[in-house]
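A, B, C and D are the chain letters, set down in written order, and residue numbers restart from 1 in every chain.
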Amino acid sequence: MAHTEQMAPARDILRTYGIHIVLAALIGVTAILSPAFLSGNNISNMLLQAAPLGIVVIGQVLVILVRGLDLSVASVMATAAVVATTFSGQDSDAFPVFVVAMLIGLATGLVNGLLITKRNVSPFLVTLATMTLLQGMRFAYTQGAPSGNVPPIYRVLGSQTFYGVPYNLMILVVLATVFSVLLHKTTYGRQVYLTGGNPVMARLVGIHADRITIASYVISGGLAALAGLIYSGFVGIVDNWVGRGFELDSIVAAVMGGVALSGGRGTILGGLFGAAILVVVFNAVLMLGMPIEFQIIIKGIVIIAAAAIYVRRA
Amino acid sequence: QDADKTGYKGAPRTMLWSTSLATMMDTTQYKKDGPYTIGFSNASISNSWRVGMLASIQQAAHDNADQIKQLIITDANDDPAKQVSDVQDLISRGVDLLIVSAATAEALDAIVTQAYEQGIPVVLVDRRITSENFTTFITASDMVYGHMSAQWMVEKLGGKGNIVMLPGMAGVSVAVNRIAAAQEVFANYPDIKVLDMQYTDWSPAKGKQVMAALIQQYGDQIDGVWNDHGLQGSGAIEAMVEAGWTDLPPITCADLNGCVKLAVQNKQPAFNYDYPPAMGGVALEVGLDILAGKPVPHQYEMSVDVAITKGDETVSVKADKWVEDYARLDKPNDLILSTGIPDYDPTTFSVEYPQ
Amino acid sequence: MIATFTFLTKRRGGLLTVIALILVLTIFGVLVSETFGTASNALNILEQSTPLALVSLGQTLVIITGGIDLSVGSMISLASVLLSGITNGDPLMMVVALATIMGAGILVGLINAGASIYLRVHPLVVTLGMGAILQGLTLLYTQTPIGKMPKGFSQLAYGKVLGLPIGAVVTIAAFVLTAIFLRKVPLGRYIYATGDDATGAQLMGLPRHKVLFLAYGFCGLMASIAAIFLVARLGSGQPYTGQNFTLTSITPVVVGGTLLSGGRGGVMGTLMGVYMVSLLNNLLNFLSLSTHFQLIVQGLIVIIAVSVYVENKRKV
Amino acid sequence: MLTISKVSKSFPGVKALSNVQLEVKAGEIHALVGENGAGKSTLTRIIAGVHKPDEGTIEFDGEIVHWDSPAAAKAAGIHVIYQEFVLFPNLTVAENIFLGHERRGFLNGIDHGRTRQDALDLLNRLGVSIDPDALVSELSVADQQMVEIAKALVHKVKLLILDEPTAVIAGHEVELLFGRLRALRDDGVAIIYISHRLEEIFDLCDRVTVFKDGQFVATETLAEMTNDRLVSLMVGRDMSELFPPKSSAPGPVVLTATNISVKGRVHSASLELRAGEITALSGMVGAGRTELAMAIFGGLPMIGGQVAIGGETFTRMTPSLAIEKGIGLLTEDRKGQGLAMLTDVATNISASDLGSVSHKGWLNHGREKEIAVSEIANYRIACRGPQGAVLTMSGGNQQKVLVARWARTSKKVIIMDEPTRGVDVGAKAEIYRIMRDLADRGLAVLMISSEMPEVIGLADRVYVMREGVITAELRGDEIAENRIIQAATQKRAS
């Protein structure tokens, strides 16, 4: 049969570069309307705020790639943040805090993964339940009012910059690179994509699809915990709602970044661009001094518009 | 001027200044012998203030354990619909006294009215219902906070300057009332300009993010930062400090140790006017008075101390105590002040009371 | 006989599990508290569950089509403020208001469907965005609780017909009618087909778009109707009334055995799911557990409810 | 009835059809043949209104038509049985059959009782016993095909298109199907029949149209047409012998399956596979061959029995273990179990053997690409290259991808369930050759097939299954149609 090499239609270009176009457009428009937007400080502010979300998004992408969804991330974050304040608040305790928080995150991921693969309960419900569960435990533990100080080192990681480059951003970059490499250069990554692409086939070609799926949730839980610790350092004060809204924001970011909810397609980088859009929108509406109601409306529109650019194949 | 201030000890000013006689409620019809079953329908404990309030009720229950058979506490998790159900449940469990801290005034009106008309004495605390169908309402006024804080800021700025307002959440009554009252004051001063008003969800993190952005946008134009609460206040201060600001603009705080503490540490002129969680305990005690048949005021206003940083009193706003003394530098930032419980610490607090 | 049994266990496993759970909870409740078992309490539960039931009913149809509607929460908020805002105590305006919000509900639903069809965006994202937009519009309209309903409107929430709360009667009627529609009307079957295999439905020449518009429109409408009962119970509309419904409306659907992947399930399962959830909340109050533990128990029960019932499919 | 003229259709990077023509009369069964990727299914989809033609006209029932949706074509009286079924797994068999033509009852609501009854009758007329209340997801591919066919018979159509309906069914069913088709023809229905089984074409059809590489080759009446001529028209060259010579000396036993049982489907079946030998597993559809194979491979849990390979015996198998021990299995269900449809050819080929394209867990994309390229050449897979999406490839070419995958992976035993499903004659010959090569390389080949000719032509040894039991083992001259049919249909004489 004759193979005619015709150039890719505009839609393909949009599908590949859509997210960048949207982001550029947002930045451009805001910059014109408010000069302060592109000031060095404001940019480093945005980066500072982008990092925690970005870290969560990495995990969310891994989960969505295996046809899943993780609604428990925000609850994990908050719990980790609470942990951060429950030790002496000195750097001497920075490590114990890290360990405990991580354990909680990984454990939650494990529970999610096991229930989803072994009992095949829908991810939406499982992670919704573990979210509630964690919230309850957190409240029970803090009696509703977390109190105590965050170890200084976390304050540094969460709110300081190194010549304008936030430390938490550096962490994000490292993590993003590591996991991107894992996804695209290793057999593990390949197994993730195959499992998401067709779980039945994956099993029949000898992939331990369940393990791969569980791994995604565990990683997601761990990263959420880490993000929670870092975010707790953003302000010294930790309430019960650190990271509130991140569960949906991280999913939206992933989808805007071209990660298919049907699994098997998408990249971490895409997800991070999605996250960038959310952060920019949040900052832009402030810069433009928009009243709250319009802020929310704009966010809604941007979400749909950005996602609409990834038109699925007919 | 700088003489130590130990706080206000007198009778409630609200009563002293009130131009009308307090309407007292005759409660003889409710008189019955204890021990009583008391139901408390709480809106939620989703923030430290509400936790403090709950604690002070439990403390009071502990102190009056002899008169109480059972104190049933329900929690609506900030969901008005659930709270209506909770109250229904409490009624059907036949409580002798109903204490309600409404999620929203309108939401609870119908059901509380129902309870009241069934002959159950009703004590409202923190938030009231729209109608008058209750025995007594324990409160401290949001309006007062709005007026006082704004008035202080205006005079602190010599009636001239730019202010950013950082309220909590759009559409929530506390925020709505405090904003309204403050704006009323600002409006009287042509040279006072409100640069921007952005909501912060009463989250320290959000408060910091918003303030950071506003700093980028308005820079040094900002002469004062008005908050309707200390939660975002503390975040705002952090943002200013991290922006490298020295001699920070005047700021308003409430309830939260972190806000006043940071203000003191950064030598920032601050006004603090708590909305005392202690009203929870008062509610229970007044409730017991009702069941004892003692007359009680239809509206019971808590008396609140004004705290100001030393040397920052203004013509019309005087301090009952100094912020420097009031802030607990030794305690964590998220401590809630004025629960009325000595050395209150949320994580360790727990008392025995009849459950 | 055997056939019907296997049918029940195999295809209605979710339903059975929930009914069993309801029984267990009830028995447990009666044992621990003397007032729990009372008729008045039972009626409370029926009445309290009305708004959730109605929203979940709409949500069920959407989920069967393989989609999801995360805008119901904000839709309820918007509808509630419009209802009491427009009415503002005037019975005549109330008619206008009712018409408006039902129209709005349907319209929003149609837009949701349209966007996911023509923009080819996953419903989860469309409705999430729509949710934000609606919340914004709500705050644009009012930032405070607004307006009031005419005298006696609260009867809708607290009144009774033939001994049952009005809400409960409406709920049951709505569910039965929908169930009949799904089983007896071809379009009803097409809803399942669409959720099962969207492209297949298209190849078969089934009216896929019609199905989606119907499901989402219906869901929006149900959200508005739920808002009516909420306002009846809360006395006036408020900018955040609906918030919690977005996620809570999904739990009963899935607990009731409807697959989030679409194509399988039914409304009766959802109804049982709703009653289970309400029963649970009510019971937890009687146990006078602190919210903390209430949340924990809720989480656990939900997980148990669904994981007891393992998907019965030919696992190759 | 239907006249296609000058129709062309391109997809990104592929010209699937370039001005082809086709003319079908009412009351004829018109065969459409051609190699994989010739464009048969594409034309089908165009007639059915799924795709719009880039150029050309479709004249149906006397007027030029432009369908804008499948619904329109359906309304005009066209029914298509697609190569990839259109069934709804969570609906019952009966519901699937009458979807779109619901049986109405009280108040014009759906009458489920009647739906069920009519479905039962219909299936009986097709000679299959399938529970109308079963969910389609519970059916075997074979039964799913029969349901698909049943759908075509529920209402009167003017044009019926069947795209490889017999790919997964055999003998008895096929006969009954042909009976029905002839009946329809005699009522003046126009039928387009697409198949790679030429004997069927001659048996059933009146005229034939041949496509090659998306182009029209010829339309002729089958009366004056010979098999060889047809093949050369399709393939464009004269075909040498279809089946390679059989093996003379089978090697040692490499795999022994003893008393394998699969819940409700297979009852203590035993078989042994020898190196260098092609063993066929034959039998009527539904005999449980797939289940037996799956159990040996670990795809389905075996409730009894054991598998012995390489000196070890296993009572529990998993696919990963099986692959590790050198067993490979090419499933019968391409779409559901075989391919990751949205990923590319290279990925699908390497999926079962990531070790070979990686070093210490690090993927070697270059190597993966090389392999893909060579396999594509090897099996003449028509696609846009290693990065081409499998989704858009023709059925037969997708099948070749799977053959390529498992031929590389299997070290000791390769099980092929319907290996030539939907594959054209040319490719078939290749696949037979490959199977023989694999055997000669010392592998044991187990072929499950519903196609009698290939069983007889290729297999050195044949097991026959019936209702989950192995009823006969035939070798040499015993391998004959009547012996197989007998063993497949009658109870074992014991």
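We adopt the following convention: contacts are C-beta pairs under 8 Å (C-beta built on N, C-alpha and C of every residue); 3 or more make two chains touch, one makes a residue touch a chain.
Computed from a prediction, not measured in an experiment: that's the story for all the values here.
Taking A-C and A-D together, the pair of chains sharing more C-beta contacts is A-C.
Our note on geometry: subunit A versus subunit C, Cα centroid distance of 29 Å, whole angstroms. If you average the Cα atoms of subunit C and of subunit D, the two centres end up 44 Å apart.
Distance between chain centres (mean CA atoms), subunit B to subunit D: 74 Å. Multi-chain contact residues of subunit D (touching two or more other chains): 299, 337. Taken residue by residue, subunit A touches two or more other chains at 139, 144, 200, 204, 292-293, whereas all remaining positions touch fewer. The multi-chain contact residues of subunit C, meaning those touching 2 or more other chains, are 139, 259, 290-291, 294-295, 316. Inter-chain contacts occur between A-B, A-C, A-D, B-C, C-D. Those residues of subunit C that touch subunit B in the complex are listed here as 35, 38, 40-41, 44, 48, 51, 139, 142-145, 148, 154, 157-158, 230, 233-236, 238-241, 244, 281-282, 285-286, 288, 290-291, 294-295. Subunit A contributes residues 34, 36-37, 39, 41-42, 45, 49, 85-86, 89, 139, 142-149, 159, 231, 234-242, 244, 282-283, 286-287, 289, 291-293 to its touches with subunit B in the complex. Partner subunit A is touched in their complex by these residues of subunit B: 45-48, 50-52, 54, 170, 196-199, 201, 203-205, 207-210, 212-217, 219, 231, 234-235, 238, 242-243, 258, 332-336, 345-347, 349-350.
In the complex of the two chains, the subunit C residues touching subunit D come out as 3, 7, 11, 180, 183-186, 189-190, 192-193, 195-197, 200-207, 259, 263-264, 313-314, 316. Those residues of subunit A that touch subunit D in the complex are listed here as 1-6, 8-9, 184-191, 193-194, 197-198, 200-208, 264-265, 313.
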